[in-house]
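Take a look at these structures.
You will see two complexes here that share chain A, one where it goes with chain B and one where it goes with chain C.
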Partner chain A sequence: MGTELGKYKVCVSARSTDKEIMWKAQDGGIVTSLFAFALEHGIIDGAIVAGPGARPWQPRPFIATTREELLSARGTKYNISPQVSWLKEATRSFGLDKVGIVGTPCQMQAVRKAQLYPVGMRDVPDKVALAIGIFCMENFPYKSIQMIVEDHAGTKLQATKKMEIGKGKFTVITERGKSIALPLKITHKYEQPGCHVCLDYVANLGDISTGSVGSPDGWSTVFIRTKKGEETWNKAIAAGCFETKPIEQVKPGLDLVSKLANEKISKNKKTVEERATFGVNKALRNPYL
Partner chain B sequence: MSKVVEISPTTRHEGHSKLVLKINDQGIVERGDWLSITPVRGVEKLAIGKTMDQVPKIASRVCGICPIAHTLAGIEAMEASIKCEIPQDAKLLRVILHAANRLHSIALHNILILPDFYLPGTDTKINPFAKVEPVRSVAARIIRLREIGQTIGEIAGGEAVHPSNPRVGGMYRNVTERARMKMYDLAKEGRQLATDQMEFMIAILRNFQKRDYCVVGNAKVPMPKDLGYHNQGYMAVDPMYGTNSLAEHPTWQPERWAESRPWDWYMGEMEIDFEDPSYPIGGTTKKGTKANPQMEACTGVPTYDGQPVEVGPRARLVKFKGYDEKGTVGQHIARQLEYVDCVYAILKSLDALNPSGKVLADPIPQGDGSMGWAANEAPRGTDVHLARVKDGRVQWYEMLVPTTWNFPTCSRALTGAPWQLAEIVVRGYDPCVSCATHMIVVDDDNRIVAQKLIQ
Partner chain C sequence: MQSFKKTLTGEEPKAAAKPAEVKTEKKAEPKKEEKPVANKITVGHVHMSGCTGCLVSLADNYLGLVKILDDYADLVYGLTLADVRHIPEMDVALVEGSVCIQDHESVEDIKTTRKKAKVVVAVGGCASYGNITRFARGGQVNQPQHESFLPIGNLIDVDVVIPGCAPTPQLIRNVCVMAYLLLRGTEEQKALAGKYLKPLMALAKRGTTACFCDLMNDVINQGLCMGCGSCAAACPVRAITHEFGKPQGQRDLCIKCGACYGQCPRSFYNFEVMDEFEGILELIDGAMK
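Showing the complex of A and B:
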């Protein structure tokens, strides 16, 4: 297809050099390190991140304005976190002028749409200073995560140390070191149906987008997409925040990212087409037209 | 013999209004009627049956210039009706929001009135959009002042135009310490700019006052020394914020307020028999056209102690600060003097504000149907909202907005002015016409068949 990875200036494989961040990071600790760097150097005043919520492994978006708060949001929580809901408030009662936001591809689309058509988002567009997108195949409602972890993996959510999706498996790692790998075909039915019309895998609209796919374990693939993203990334590299490797020299490399992106796009295109004839003479709108 | 001239629409203010003037042979106004011809909003009727949380938000939509005053007056009328005391920090946030709105409003009004005045020492009228100095830097200062007011309003109130943060019982959320500091920095910047702008405007106004004539269209109009004078009295409830029926010593008494119909107040049908095609912009209404202020006016005529009164910056200064200058220039100067008051009100409230403080009352009563009112000193004057709330629903709602008070008062102030300067007198009131319209029902024959009168 050729366009599945979106526009980008540079793509590298990277990981954070910060031991404290890496200790609990999902993969390369890219988002936390980059926000921590941006916060320390005044590139952002605060960042909207997914912190711990009311229930175990339920994310709650909040506005982190210190490194400690950022650290509390390390790691991926595979269910819905309404990040954009804080975007306006960040510029209001929080008084931020330069907001960082991390989110899934659909959330990056929402942020850009809010910047382009700021209906109900007065004075917000110019305050988005750094938008970091994360790769996303699909997301789950919280109930689904409960079912997957507690019923299929037979593990208490409270006792879960980490969840990972990779190599065709949904892996649950417990506090006591047990690892349960579930084939993804089990988890498919628990996915959020809205995700099945999404044609973006690698967060095409982020300033920077990142995810584990394409890089070795403990590393992340990073696309630097915009001028703003490039400036921040270069400063962070110069400050020694990350070690990087050219993406061509790592395994499995960009081919895998492309393969998965194409899989997502072609699979979801079918859903979009199916929905065009769905219902009683009330075809659902194709969100990409 | 007197003639009738009509200026319609009047320009450089909010809303849609017109002037019908009876003038003598020298062009001096003998009797002037300034009336709103903006269609009615009907907010008072829409409010009935809605929840007390919805109504102030709807009331805010009556106008985009002073929505903050309407939101706050509406919310406080509900709170007065349900007898809800709000936490101190919520009150402080409201004062900040209110003062920020007034700051931006005065700056906006500066842009609207500057084309009436001359650069001192010249015969050049000021074009605030010109790219020449000193006008350019003044315009930049005005824009910055508006930006400061609106940004502070956004932080304290959630939104600079229709604020989302205020609610019945207090505010939805307090601000963070960082936000408090941001507002403080902005207010500090605003303090200097406001002082400079006030001094500039006063210099311009004094220069205008000293002139012998003023050019309007092709006419060289002599300047009267008593431009805009009236003897109608003043009404104000607070130098900065407002009061309500729960206050220990309320400064507004609903029993002194009465409302009469425009039918009883304005002139009847007449034919326009004077026109001036050179009057800016596009000339006055053509000769032979009919005007009927009694039927065309979309406002009631509120009276306080039986007389229309002036509300607004001068009323506040007269009532609370011993100000005594009359006329249009005196009114403008009073408004400029409020610039710095706004900034100091913000700074003082920010000093007292505790960002960790509670901003929502608990519990919030649901009301027993008793009448509550709140009077808020909007940029243009006292904005009174009255409400009855029972079980969380609004049973009765009334808005008495500043420009409604000013319409009949300003009409009186037109007497004795050259007709060409009538619009300058009107602009002295910084009219905001659209929210001043009230509920009047007219039948097919254009007769008033019902009107909302005081209950």
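Showing the complex of A and C:
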């Protein structure tokens, strides 16, 4: 396909040099470290992150304006966190002029739509200072995560230390160190339907996007995509925030990222097409027309 | 994209951007031209029954509005702004407010607007959907006068819709710039403007009612919602919250402005425009300098 990874200037494998952040980061601690750096250097006034919510492993989007708050949001919660719901409030109630936001590829699409077609997003377009996209194959409603962890993995959400998707498995790791790996075949039916028309895997519209795929454990694959992204990234590198390796020198490398991106996009394109002839002369709606 | 920007700022298009050259070129450029800009489009603000909030939004572009009136558009009609009594011929009519059908003159005015304007833009919720001038609920009870107001699309064909209450200064600005490019630009600019305006033209064809229910019917119940949160951010009356990641609308608060549906990335999403977000945002930025 050739467009599956979106536009980017550079792609590297990287991990944070900040021990405190790495302690609880999902992968290479890219998101938290970059926001912490940007906050400290006035590149952003705050960032919309997915912090702890009312229930165990339920995310709650909020506007972090301190390093401590950023750190409280480390790690991936595999269920929906409506990040963009705070985008206008960040500029109004919170008075931020330079907003950071992290989100899935669809949320990066939402951010860019808010900038290009600000239907209700008054004064937002000029205030997005750093949008970090995270790779995403699918997401789950909260109830699904409950079923996956409690019914399939047979453990408690409260007792879960980390969840990971990778190498064809949904892995639940408990506080006591037990690791339960479920084949993704089991979890597919719990995905939210909206993900099945999604045509972006590596957050093509982030200023920077990152995920675990393509890099060794504990490292992240990072795409630097826009001028804003490049500027911030270069400053962070100069300040020693990250160790990096050329993506060509790590295993499994970009080939795997491309492969997965193509798989996702072609599967979901097929879904979009099937929706067009779903009934007898009746279509399900196509948002891309 | 480079050539869009160049022609817009009146510079000679060049083969490739060389930062160093651009700098010297800028220095050599003579002070701002004195002669009036001949190639402007003509724009009118047609005030039907609205609260003038839409006009205030247009004005909230501050220097951007001055720039628009200096370089891109002559204001040929506008209550209190242009000393013109009868609706003249114009390229673009920005219509604010719904039509009071008890008032013969209003009905005639909107029909005249259609005859005299090449492009009719419904600016804001009242012109587009009736909004608060009709029985929108929004915490109110049904009142007799609600029955007197119709969105302009019930009386004339509308070309472009800008939903929202108030519509954002930035979307009005973008539509003005794109209308200029569409009518006066190079072939390439015309193509871009056409692509940009297409979904807002499709919204005009979609109908003259809006509601939170649009999200329920055409996004959520079509299996398209992915929980980004844009709708909640867009809603001017905070009628939308998210429960377990999905929008929850208080329909009794909803004033039927259409912002949520218009902002939702799963109402319309045009890759050919969105993928170029960085260039287009720079283009609009450049046009405002």
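Note that in this section the second predicted complex is superposed on the first by the 283 of 289 C-alpha atoms of A that agree within 3 Å, B and C clash if a C-alpha of one lies under 4 Å from a C-alpha of the other, contacts with A are read in each partner's own complex, and residues count from 1 in each chain.
In this section, a residue touches a chain if its C-beta (ideal position, glycine included) is under 8 Å from a C-beta of that chain, and two chains touch if they have at least 3 such contacts.
For clarity, every value in this text was computed on a predicted model and none was experimentally measured.
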Fit or clash - chain C, chain B, common chain A: clash
Partner chain in contact with A:L96 - chain B first, chain C second, else both or neither: first
Greater chain A contact set [chain C / chain B]: C
Partner chain(s) touched by A:F242 [first = chain B, second = chain C, both, neither]: neither
Partner chain(s) touched by A:R122 [first = chain B, second = chain C, both, neither]: both
Which superposed partner A:K227 touches (first chain B, second chain C, both, neither): second
First (chain B), second (chain C), both or neither touched by A:D45: first
First (chain B), second (chain C), both or neither touched by A:Q107: second
Touched partner set for A:P193, first chain B, second chain C, both or neither: second
Overlapping segment of chain B (options 42-50, 114-122, 312-320 or 366-374) - the one that collides with chain C in the superposed model: 42-50
Overlapping contact positions on chain A, where the chain C interface meets the chain B interface: 89, 122-123
Contact footprint of chain C on chain A as seen in their complex: 6-7, 58, 61, 79-89, 103-104, 106-107, 109-110, 112-126, 139, 141-143, 192-199, 204-205, 226-227, 284-285, 287-289
In the complex, chain B residues that touch chain A: 151, 154-155, 158-161, 165, 173-176, 178-183
Chain C residues touching chain A - in the complex, by the definition given at the top: 57, 162-164, 166-171, 174, 196, 199-200, 218-219, 222-230, 232-236, 242, 244-246, 258-260, 262-263, 265-271, 273-275, 277-278, 280-281
For the chain A and chain B complex, residues of the former touching the latter: 45, 65, 89, 91-97, 122-123
